[in-house]
C-alpha cells in the first residue's frame, strides 16, 4: 500500500480552493485505484487540514512525513506553500502544489512541482496579448493584497515595464473585501484604457458587480480567477465583457477536461474549479511518474519530473499536454477568453512558453 | 482639647460639587484636627458622601480644594492619598467578594509598607497576617477567616469593611456609615475600638452616620450638612439641641 | 465632487449594514453584558436559510425569507439563549465570550460542511435600478439598506425607552436580581432581546448577501467592523450603533480613496483607539453615573 | 498533602523530560509548540485570570518577539541577545499600549488590544522592506549554547522545556508574592483597591506588560522552532485562540493555561479521525465545556471532586455556639 | 397569616437555616432581631422564594407557598425590600418606581399609587427623571421602600429599612408601616435598631444560628434582660 498526503486548506479562508483541490486529488486516486493502483499497489490518501494557516500547514507536512507518505498533494495557498515546502524539501519528498506565486519556484527547491503555471509565467502571456493584440498604452491594476495577489501584481508590473505600457493606477485590496466601491471609483477616475484585475473568484465577482453599477466600461482583463465559471455564476450579467487568460479551466473546450468535469459533478454534486483539476492531474501525474521510475522512490521521482513532458495522448490523466522545467515550473497551452452572455468564448490560444 | 489636638490634619476650603443642575456640595469649608473624632451628619442627599469623594480624589470638585497636613490634594489620586495616610470606607458594601476575609484584610495593609518592588522580592507579610488575624478575632469573624467575603451577611461584610480601615497606619480615616446594619453588640465593640485606636495611635476619624446614639457618644465634634451646606457645627450636645438640625434632620 | 458624493453614498450604504450588525452587539451587551463574538456569523447564517428555502424546498424568495426569519428566531434567538447564554449568564462575561467564539466557528464550519465552501449568488431584494445623482451612481439597494436600517434601529430605540416591556428588558439587563424580586419575568425579557437580535441579523443578512454573496466566512470581517462601530457609537445607546456604523462605512471609503488602500482597514481601528482615549463612552454614549 | 506537591511537581517535570523520547518529528514539534503556547497562555492568564483585564493581543506580542528574534538572528546576532530584546520590547509595547487604555478603565484594554493586534498585522504585512511582507521571513537558525546546538527537533524541545520551566517558576513567584493578592483585589473591586493604596493603574499595567513579555518570549522561541514567520500567524484569530486556551484550561488557575494549550493543540489531533467534522465537534465541545464548567477544565475537575463531599455542611459559626 | 415551620435551607451546600419556625397573625408588625449572620435575611429570601429549601414549609394564609418563585409571591400580594441597594441603575427614578407595579393588571391604579407615594416621599418627585444610580444611598433606599408599597401588598418583607436613612425619615417610615398595619397589612421586618423597632411592633422574633430563639409579644422581649443585653445595646452606655 502506498501512502500519499493530501495537505490542503479545508478550513479558514482557503477552504473553497482547498476543498476543490482535495476533491480533485480524491477523485484522481479513486480512479487510479479502480484501475489497479500505482505499481499494482493501492494508494491510500491521508488527508490533513492546514486550516489556511502556514504554521499549521508546516506541522501537517511534518506529520504526513512521520506517517510515511511518499508524495504530497498541496497546499493551494502560496502563503502556506512557501513555508511547508521547506519541510518536504528537508525530507526529500516531492510535492505537487496548487499555488501560483512566483516565489515558489524561485527558491531552487528540487522537490516542488506546480500543477498550474505561476503568475510570472501566465501574466506575461497576457501582457503580450494586451500590448500586441490590443495595442494598449495606459493601464490600471487592481489586486488582492495577499501572497497570491502580490505575486500576480509583481508579475504584471514587470511585464508592463517590459512591454512599455504605463500603469496609471494601482489599487490593492484586502483579503475577503466586500465593498469595492472605493476601488472601482479609483479606477474609474483614472486615464487607463484597460484594467488588469487580479483577485480570487469571489472578490472578482463583487468587483465586477460594483464595476457594472458604477458604469466602469473599459476592458477588464484578468486570469482564470476573473472569468471562471464560479465568477460568472456569482457576478451574473456583470461578468459579461470581462476577458481573461486561462490556464486550466473546467470551461475549456477540451473533451478530456469536459469528461473529467462531468464525472466530478456527479461525484461531488458541485462544479469543480481549476483547483480541482490541479489536484486531479497531480494525482495522475504521480502515478505516471512513479511507474516510470519503477518504485515509489521519492527522490528518484523528483529527479524524473524535472524536464519531463507528459502528453494527454499517452497519459490521459493529465488532460492536457504538460511539462516541467528544472525549477518545478510547468507549461501548458492556455487561452484568452471573453465572457459573452454568461459563457466563455475563446478569443485566442496561446502556446506554452 | 489639648494643644496637639489643635494641629490641623485635613482642611477643606470652599469645596463645591455640582452635577448638572444639582448642587450636591456647596462652598463647604472646615478643618479636622489631629486626634479628633469628627461626626458628619445630615439628611439624605445632603452631600456627605459626595464631600468624601471630593476630598479623597474619587471625584473632582467643581471648585475648592483641600489639604492634608498642609499639602494640597489637588489632582492626587485615591491610591496616593491612601499612602499619605488617608483611609476610608464606602457607604455601600465594598469588600473583595471572592477573596477570603483574611486576604481582604491583609490587602488593606500591604501597600503601606515597603516599595512595590520589595513586595515582589521582599519577605512575606507575616506581620500583616498577625494583625489581620487579631482584627478577625476582634470582630468575631474567626469562623469565616477563610470564607470568601462575598458570602457573608450584610452586617458581617460591614465589619470586614471596618476591619480593613484599621489596617492602614495612623493618619486620618473617613468612615461612611460604618454602623449601618451592624448589630448593637458589635456596634458597641466597634465604638470602643475606634476610641481606643484613636487614643493609642492618634488616628483621626471622620464619621458619617445616621445612627445618632453612635455618633453622639463617639464624636467629639459634629458637623451638620444640609443641601450641600454646613448648617451647624459643635459638640454633640449643642447639635442635639440645635433647632435647625432638629427640623432638617433629627425630627421630632 | 461627483467622486466625493459617490464615496459618501457608498459609505453610507455599506455603513447601514454595519449598523444593523452593530446594533445587535449593543443590544446583547445591554442585555447580558456580553460581547457576542459570533455576531458576524449571526448575520452570515440567515442567508443560507433563505438559500435552503429556495433551492431545497423550491420556495420563492419571500416565503424563503420568512422561513429564514423563523429559523433564525428559533436557532439564533431561542436556542442560543436557552442552551448557551442562560446557563452561563451567572458566571460572568468571559466564558460566554469563549463560548460565542466557538459558536461562531461552529456556525461557519457547519455551513461549510453542509452547504459548501464557495460563495453562492443571492437574489436581490430591491430592484437593480441605478440612479445617477449628481454624478454618483446610487442603486435602489443602497437606498433600501439605509432606509431599512434607520427604521429598524429607530423603532428599536423607541421600543426600549418608551414601552414598559422595553424598560423591563433594560431592568433585567442592568440588575436581574432586582427585576426578579419585582416580579419581572427576567428570562422572558432576555429572550426578547435575543429574538430581536436574531430578527435584526436576518434583516442584515438579507440586505447584504446580494452584495457580499452568501459565504460561510462572511462573518469574520463583518463581525469585527460591526463591533468597532458599536464601540465608536457608544455601547450603551442603541442609536449609537447607527451613527457608528455609518461613520465607519464612510471613513472606510474615504480612506480607501484618499489615504492608503493598504492601510485602509487600519482607519476604523485608529478611529476606535481615538474614541476610546478621547470619549470612552462612545460618540452618543452617556457616562454610567456615580461609581461610589 | 503538603509533601505531595513537590513530589507531583518532580513527577510532572520527569514526564516532560521523557515525553519526546522515541517519538517522531511531528510529535516532538507539537510538544515543543505546546510548551511555547503554554508560556504565552501563562502570560495571558496573568493579565486575564489574575488582573482581570482582557487582552486580545497576545498573539501580537508573540509576533513582536518572533519578528525581533528572526530579524536579529538572521543577521547573525545570537539568540540569547535577541530574546532579551524581544522580551524587553514586548514589555515596553505592553506599557505603551496599556497606559492610555487603562487610563480610561472598564474593558477598554480589550478593544485597544484588539485594534493593536489588527494594526500590527497590517504593519507586518505592508512594511515589506523590513518584515518581508506576507512572504514572511524564512530560515532562522536555531541557537547553540557553548557548542551544543539545538538544531535537531529533540534538542530544541529540551531547550524550550528549560525556558518553560524558568518562566513557570517566575510566574509562580510573582503570584505568591503580595502582588498576586494585589492583582486579585484590583480585579474584584478596583475602586476599593485604589482607596486602600493599591495603584490600580500601575499594577494592572505591570500585570499586562509582564503578561505581554511572556508573549514576547514565546515568540522568540517560536521563530527558531518553525523557522518561518509571516504576519497571519500573529493575527487576531490567534489571540483569540490563546484566550481560548486560558479559559478552557481555567483562567486564574496556575496550571490552567498549560492544560488549555494542550487541549487546543492536541484535541484537533485526536479528532482527526472525524475528518472534515473535527472543527464542528471541537467547537461544540468547547461550548459544552463552557456551559457546564465556566471555570474551565480545572474548574470541572474541582466540581467533580466536590461530588464526593457530603451534600450538606453545617454553617461555619455553629461551633462558636449560641450567645443567648 | 404567615406560618414558617422547621425551615431548613441555605446557599449551595452550606445549611444556614436550622429549623426556623414562627407564625405571625394578620395585620401585625413583627420585628426580627439577631446578631449579624444569624440568618435573618436568609429567612426573608426563603419566604420570597430565593433560597434552596431543604425541608420545612411556608404557609401564606393557609396556602403552601414553599419554594414558590418571587413572581408567584408577588401575585399573592407579598413584596420584599432586600437589604443593601436594589435599584436599576440606569433607569430613571420614575421608571424604577413604575417597575414596582409592573405586574399589576390595573395600571391606572398603579399610576395613582405612584402619585401617592411620591407625595409621601417628595424627594422622589423632585428627582423623577434622574437616573437611580445618581441618588444618594438614603435616597435609593426611599425609592426602594416606595416601590414596595405600590402594589397595595398584603405582606411586606422589609430588611433593615433604617440603613442609610436619616433619623427623621426612619421615624416616618415606621409611622407609615404602623399606618399600613392598621389598614390590615402584615409586616415582617428586620431591624438592628431594635429598641425603636420593637416599640412599634406587635411581635418580636429573635433569631440566632438559623434557629428561632424566642418569639413573643414585642413588649415581652423589650423587657427581657438577655435580649436587652445582647440586642438592644444594653451595655453600650456602660462601655463608653
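For clarity, chains are labelled A, B, C, D and E in written order, and residue numbers in each chain start from 1.
In this text, a residue touches a chain if its C-beta (ideal position, glycine included) is under 8 Å from a C-beta of that chain, and two chains touch if they have at least 3 such contacts.
In UniProt terms, the chains line up like this: B, E = Branched-chain amino acid transport system ATP-binding protein; C, D = Branched-chain amino acid transport system permease protein.
What you see is a predicted model, and the numbers here were worked out from it, not measured in a lab.
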Path length in steps (a step moves to a chain that is touched) from chain A to chain E: 2
Reference chain C; chain at largest CA-centroid distance: B
Winner on C-beta contact pairs when A-D is weighed against A-C: A-C
Centre-of-Cα separation between chain E and chain B, whole angstrom: 28
Where chain B and chain D are represented by their mean Cα positions, the distance between them in whole Å: 41
Chain A and chain B, separation of their C-alpha mean positions in angstrom: 74
Centre-to-centre distance between chain E and chain C (centres being mean Cα positions), rounded to whole Å: 44
Multi-partner residues of chain D (at least 2 other chains): 126, 191, 276, 279, 316-317
Where chain A touches two or more other chains, by residue: 11, 145
Two or more partner chains touched - positions in chain E: 35, 37, 134, 230
Interface residues, chain D side, partner chain B - complex: 173-174, 177-179, 181-182, 184-185, 188-189, 191-200, 202-203, 316-317, 319-320
Touch list for chain D against partner chain E, complex: 309-318, 322-324
Chain D-touching residues of chain B, taken from the complex the two chains share: 56, 58, 77-80, 82-83, 87-88, 90, 94-99, 103, 106-108, 110-112, 116, 119-121, 125, 140, 142-144, 147, 164, 167-168
In the complex, chain E residues that touch chain B: 11, 34-38, 40-42, 83-85, 123, 130, 134-139, 141-142, 160, 162-172, 192-194, 230-233, 235-236, 239-240
Interface residues, chain C side, partner chain E - complex: 164, 167-168, 170-171, 174-175, 177-185, 236, 288-290
